[in-house]
Structures are given as C-alpha cells and as structure tokens.
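Okay, so here's the structure we're looking at.
Going by the order they are written in, the chains are A, B, C and D; count residues from 1 in each one.
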C-alpha cells in the first residue's frame, strides 16, 4: 500500500533523519522524497511517497504513532493520504465548455485519478455534456437576490457527497467567503491571464488593448481577494499584431484547458502545499 | 541596391495595387511584401523590400515621385531606407554589463548592422568594456541637481554624432520628456518583467513575493508614461518555489539580453511600426 | 463574399503588381496578402484574401479571367476558395481517443470550420464518441489479407461523400500509396515525436531510452516514405529523469492533440502550400 | 562549511534513513536533499547539500567515516565536494566566438563558479578574446599528421593545471578516445541540433533541407560514439519557411550559448549524475 506524507514545520536540524528513521522502522520503503526550506520564513516542507508492505501494522496505527512520536516533537502540520483513496472533486461551470470537456475526458480515460460526484452550474447549458459522461448535473441559478440561497444549496450538495475540493472550470461567478472558508486552499480557479497582469474581468480585451506579445493563463487557489490567491501553474502563448481579441480568446482556450488540468492533477496527486500565499509544487 | 519602404495610411481599396505598380514601373523587383490592416482603427500598414537594378534612376528621384504620385493620393506616412545606410545607435548604460556585452558582441561579429558612435553612462564602471570594443565612452554623472545639465550634454552628443536611435541597456535613470520628444518611438528600453505585470522598480522582488511560476522581460519604446510604451518583444522563463530572488535575477539576465537584442534587431532592420501605442512587427 | 487565392509560380518581376491590379479592377478589396520567395528554388508563393462586394461579376467569371489573363502569363499553379465553402474532412482513427475528441469538440463549437461526413476506423472502440457528436462511424477492419478490400471500401466512402482531405488522428495503420495518390498533400498525420528524430514505431520508448530532455510531436502531410512528408507543425514539451515512458505518453497526448489540431486548422483555413517536400505556412 | 554529496548505489530499503542519520550525528544540517530511483535499472541516486558548523570534526574524517560506515554497507559510488573548492575548467575552441564569450562573461561576473586555467584552440583566431579576459591561450594546431602530437600537448596542459573538466565550446575537432578515457563524463560538448535528430556535420543545413519548424541545441557528455553521449540539456526555437540556412545559424547561436552555459552550470554545481548513458539532473 502506498501512502503520501505532506509535512511542514518550523525549520530545524534532524527532521529528515527523524522522519525517515520512523518510516524505515515502521516497515515502509521510501520511493520518493522531496523537501524544501523557505529560508526567509524559516519553514521546512517535505513530501514522501512510501510503500508499506502487507504484513505491516494497520495504517491507522502508523498515523497515530507518527503524530505522537514525530509530528508533535517538531510542531508539524501534516497529512497522510493513501493511494487507495481517490479525492472527490466538484466541478463548477457556467457556459464555456472547453475546460469541462478537458477534465471529463481525462477523468473518463483514467488519467485523472479523482471522483467527480457532481457538476454545479448557474446555467443549464452544459447539461448534455454532463449526460455524455454520466455525471450528475445540478442547475443552481444565481442572481443577486438568490445568491445566499444558491450558496446554501451548493454547500449542502458538497457536504452530502463529501466533496474534497472544488474546481472552477470557467465558472463566471465570484465564490463567497463562506465557501472559501469551508474549502481553504481547496478551490482551484483558472484565470485567463498571466496574473498579476490583467486581474479582474475581460483580461483578453485588456491584453489586446495593451498590445502585449504574449498572453497567459494562471491557475490558483481561491482566496478572498479576487485573483490574488496562491498560484499553482501558469503558461503562455505568443500573439502578434495580426491577432484580434477573438484570436486571443481562441488561443486562450487551449491555454486555459492545459493550465487548469495541470493544476488539478498536481492537487489530486498531493503535490501542492500552500504557505504565505505561495505554493510549493513538488515534482 | 535594396530599399525598404515603410508605409501607413487610412485603409482603402487599391493601395497595394498602386504601390506595387509604381515599384514595378520604377524598375524595382519586390522581394518582400507584408501588410496589415488594423480594422478597428481603419489603418493600413505595409513593409516592402525592393531590389532596384543598377541602370535605374537615382533613388532620390524615386522617393520624390513616390511622394507625389502615391503617398499624397493615399495620405500616407512613409519612409524609405537604403540597405547601404546603417542606422546610428547610442547605448545608455549604468552598472549592469550583460546587455551591453550582448549588443557589443553582436555588433562586433557583424550580426547587428548598426553603427555605435557612443556609449553614455551615469557611472564610469563599464568603461573597460567600451575600450575592449573600441567604442567612445562618455561618463555623464546624473544627480537631482545636475539632471538638466546632464541631459544637455547627452542631447549635444546625440546631435553631434547624428544618432538615429537610443538603446537603454539597463540604464537605471528615467529619461526626460525632452529626450523622448527628440526621439519619438526611437528610444528602446528593456524592462525586467512581463509587462504590464510588475511595472516600476524591483520587478523581480515583486514577482518573487507574488509567487509567480513564470518571469519575463519586455522591450518597448519609451514614452512619457513609465513602462507603458509600445511593446516590441517579450519573452519568459519558468521559475519555481526553489528559486530565490537572486535566482530570478540570474535567470532574468539571460532573458533581458535576448529580448533587448531581438527588439534592437527588429528596429535596425526596419521591421517595427508604431500606432496607437502598439507595434506592428513584420516578419 | 470572401475568396482566398493560393498561387505559386516561377519567380519573376511584376507578379504582385499584376495580381493586385487584376483584383482591384475586378472589384475586389485585398484584406490580406502574404508572399514568399524560395530563392534557392526560384519559386514565388502568394496567399491573398479578397473581399468582393455584392454588385460584382459572378465568381466563376473572375476565376476564368484570372486564369486567362494572369495565371497563364506567369505559368501559375493556383486555386481560389470561397469562404462559403467548408472543406469536407474524414477522420481515420484506431483506439486512441484524445485526438478524436479534441477535433470533434473544436468542430462542435464551430472553432473548426470544416464538415466531417465520416469517421473511419479499423476498430469499433471509438463508436460511442462518434455517436456523442452524431458523426457517421464506419468500422472497416484491416488485416494483412483484407488490406486491399478495406482500402476499396475506404476509397468508396471518401468518393461518395466527396471528402476533400483526410486526417489520421492516431490511426495505427500505414496508409497505402493508392490512397496517398488520390489525396496528394491532403492526408494529415500526427507523429508522436519531434521528427526526424524517432521516426517509425514506438517513438516515446525510443526517446526515453535515449535520455532526451525534450519530447515533441509533428504533424505532416503523408507521402509514400514513412514519416518523411512535408512538416506542417511541431511542438515540444520538457521531460526529465523523473519521467518514465508512461509519463512521456501522458505528456505526449496533450502535445499530439494541440499539434494536430493546429495543423488541421492551417489546412482548413488554406494557409499551407507544399513545395519540394516542405511547407509554406502563411500567418 | 557547505558540502555536496553525490551518491548512487543499488536500490534497497533504508538508505535515506541511514545517510541522513549519519549526517545528523556528524553535526551536519541538511539544507537540500533530492533523490531518484531508476526502477528499471534498480539504482538509487541522491544529492545532498549539508551545512557543517564550525566546531565539528575535520571534513577528511567525515569522509573516511562515511565511506566505512555507510558507503561500504550499501555498495555506494559516491563523492563529496566542498563549496570552497572551485572546479577547474578548460575551454576548447576553434573559430566561433559566441560560446566562448558567453562563458567568459559569466566567469568574469562571478555567475560561473569555476576557474579557467586555459583556453586551448586549433586556431589562433580567438586569442584576443582570451587576452580581454586574461586567460592563458594555447594555440595547438591539429592536422591529420599532428593529431597525436597535438593530443599529447593537450593532455600535458590539462594535467599540469589539474583541470577537472573540459568544455568544447564549438570546438570543431573530434576528441580522441584517449582524452575521453582520461575525462569520462567530464567533457561537455554543445551540438547544434536537437539530438538525436541531425547528428554529425552541418545539422542546420540538414534541418533546413528537411523543412522542420523547430530547431534545437543539445549539450551532452562526450563518449566514444559521436553525438551519442548522455544528454545534459536541450532547448529549441521556432523557425519557419521565411528562414534560410543563415537564419537558422543566427538563431542557433543564441540557443547554443544558453544550452551550453546551462549544462556547464549544472556540472559546476554538481547537479549531474550519469548512469546507463543518461543523466540525472538535480534541481
């Protein structure tokens, strides 16, 4: 059985040695270890993949002992994830279908190792795609008046299905602080610009008007400040004077799909950690 | 003899036909033609490379006739550049040597087809490099008190040597409106960020603090608004959480060199036109 | 009505002037012109987009006159394409679904301006996807014994539906000289390597074994020599020692999709010309 | 004092734990640890950066104890490098100056932390550049008749100055098996193509003739088989039908410089390990 450990704590000597010793004695074989020290902040980060052979103790006991013997000593914040557990992901969409399609295809081919118990939308437009892939689709209209009620419905659905994280696949609504509080660093957004350039609405129009030679897309965790959360992944593509706004939008779609799906994969594979509004992205 | 024509005028039917007819009758062979229509602004842009065989009329007469017969009809702004004329370029530097070295090496190998009558600096630091390449170096200190006097000296030098355009190769001073007015769209700057993100001072520090996954560099013509002039060229490189500010600066140096030298080459080869604070970049 | 002209002929003086004059007199407004001279081969290439206003003569007559007055004078090979005519594209697939999905989504959103009268496959695996998008699916098994019979069926279908060009969207069979002869420079393949490196079978395995740091994908027109036809588009992605063959394959899928769809778009938009086993790709 | 450990050995359980324990007990603080398992080959690779505080035992003793207590147990091949020791690098050049300039500038600014006791060339052309940077320049002509004698002189110089590794900065001669044997995985070459495509002579001409849309450069360790050694770094740039062979060469120069200098930096910073004709490149 494979387990992934994500750890961060105040930096100090001996951590790696203590952790790897513990794993070794617990019958685990480390197949991957990566660590990072943020020297400015004095914080140590580590990601481990460990293969536990069958005859070993129950994983619950490993967790308990690790917490007592190691984590408490070094004041760690940590989590352990078994490869047998697939995280549950909710998709929020509006009318654009490209990111939705892209994620559903990766899901259907098994490339994306998450479950998708629901798609939530403020429009009924993309229901046929949900049907194609046999994912439950919930149409929850959002207007200024119904915003709170809509949010209640969303939260209820997310709780019912024990959703682990949310992906805003070009969802054209600002999510509320309540949802963000319930899913801290667990809501992934795709913004169609090279943040921090062109935050906010209509980034392709703004990029066109500035005359840039490169456009980008940015996937980030959602925080209360709009388009200012920890960046997970970015990518770019070249444009020139021959491209109009619509060409930016066309080229941008491919960028958005790729950048969002890479970010989702990183999250699903437990390769992201957040600290001080930045991410550590393990390889 | 090769001549390059750069033309822009209000868009209307028949321009290409009229221009190419004129060239053909004047004994020229068009070896390159590229055109662009900015449909929003209703402006037509064209770049032509023309080979005139020897027996033909003097180029001065071609210019005069083109102006009378074609340019005035279509209300053109235009220029003709002979391949025998190398533009004169002044380099402004402070203490960083990487962009200066890069341009001087391209100059010395003949890759950059411009003359460099002077390097002007507000420090004496880089004089030895100027000496290596045998370029006159003028040390003109700039302080708040001497700013106007320094500018007078700069302008006098530029005029004396009939400098055509100015390259700010990491010159750490803001150039004055007077200089900009004398060299409109003829001062090329390199900014060490992916503009419009991180305009102003210390862009690498700002990028690091925001936790971006990609950094960039931007070369643009200088206008009165800081870091807001028409963009000529941009490029980017990936960074990650393992990189500190100093790594950003190291990686950025290579970007800055390449982006600035590409922009300078485009300018020297008459491949740039400016309109509405944007550039048309011909291939 | 918009028409696209594609022209190539022996290089000589006066071609652009003659062509643009003709267009102007025929009541056309040139909205795009790009030309290229292959100096080694002495060949001139040109692509024009022309807007003909309503009151003008029938397009058939324009074609006839152009052929008589211009094309014959300059010994041109040329074609004219009306923007009202969508080319008909046949998709050949085997078991991989990613390129198929990608093209069908672009088709369904209107981004890809072609008709798709058929999907032909040597397996029945991907029929459900064809059904999702309501495209006729023909399962034509291919074995060594049935190869000729299968080819007959394929050709019959292509002719019946008047297919203009064929896209091999990871079709795992070598197409026969007969098909190639019937569709010269009209069969587009995607090869999952950075050609000419790793031509032939299993390129990801070969790339892995060589220890490359970058993998690629190449879309090209199919000629009789395997993986050696004119290259339309290529792109790459970085890999490292941490990636196994399966990671190459995963990363490669995204590359293959993008590179193939870009090549198909270039072909559909009449932006490709072939000469001497190379392509001219207009912007 | 900072020390870098490079280790590889047959993969087995407990290695990381044993090594990190040893370091911890020896008074070292691990500031960087990266490891890799080549599962196919069953080989474990590790790179450590360790800060030893002043009061600790002499480093020679640490080395001796590590060898006895750890390395022998796990059958390790390993090396320890002190950050106080700068490797000695010899540059071999012919007539091209761009890679030479690039490395010397990085050396002179302190970005490249190696010493350069000599430049060896089969031509006298680049001596003035060596003089600019005050590096000894040895002109050793090579012809078919004098090849062995020339090699003797080269080897003698390399030994005299205790050179650690050799960089072929566009050296246009094939180095001999004798030199390769003396510097196994310690001779770095830059090849001006995207290997394995276009190995051998005149790769830009071959790429042009094939009509590729992307050209590349590859830096690799030199082995006896030409252009087939372990790849350290590759990069690419786009080309199109408008570019002639000379444009490929111009664009290639910038690629070659960057790729070679990145490879040299990786080697100098002890971030490369070689196994089975491939490299492990640590971050």
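We take it that contacts are C-beta pairs under 8 Å (C-beta built on N, C-alpha and C of every residue); 3 or more make two chains touch, one makes a residue touch a chain.
All values reported here derive from a predicted model rather than from experimental measurement.
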**Asked** Any idea whether C-D or A-C has more C-beta pairs in contact?
**Response** C-D
**Asked** Measuring centre to centre with C-alpha atoms, which chain is farthest from chain B?
**Response** A
**Prompt:** Same or different for chain A and chain D, when you check if over half of the residue numbers at their contact belong to both copies?
**Reply:** same
**Prompt:** Approximately how many whole Å separate the CA-defined centres of chain C and chain D?
**Reply:** 42
**Asked** If you average the Cα atoms of chain A and of chain C to get two centres, how far apart are those centres in Å?
**Response** 37
**Fill in**
Flagged in chain C as touching 2+ other chains are 240, 242, 283
**Message:** Quick check of your reading of the touch definition: is the inter-chain graph here a line, ring, star, complete or other?
**Reply:** complete
**Complete:** chain B residues touching chain A in their complex are 36, 38-39, 194-198, 210-214, 216, 230-236, 240-242, 244, 277-281
**Complete:** Per the touch rule, the chain C residues reaching chain A in their complex are 97-98, 101, 105, 109, 111, 132, 240, 242, 250, 253-254, 258, 283
**Item:** Parts of chain A lying in touch with chain D, wherever the complex brings them together
**Value:** 13-14, 16-17, 20-21, 23-24, 29-35, 37, 283
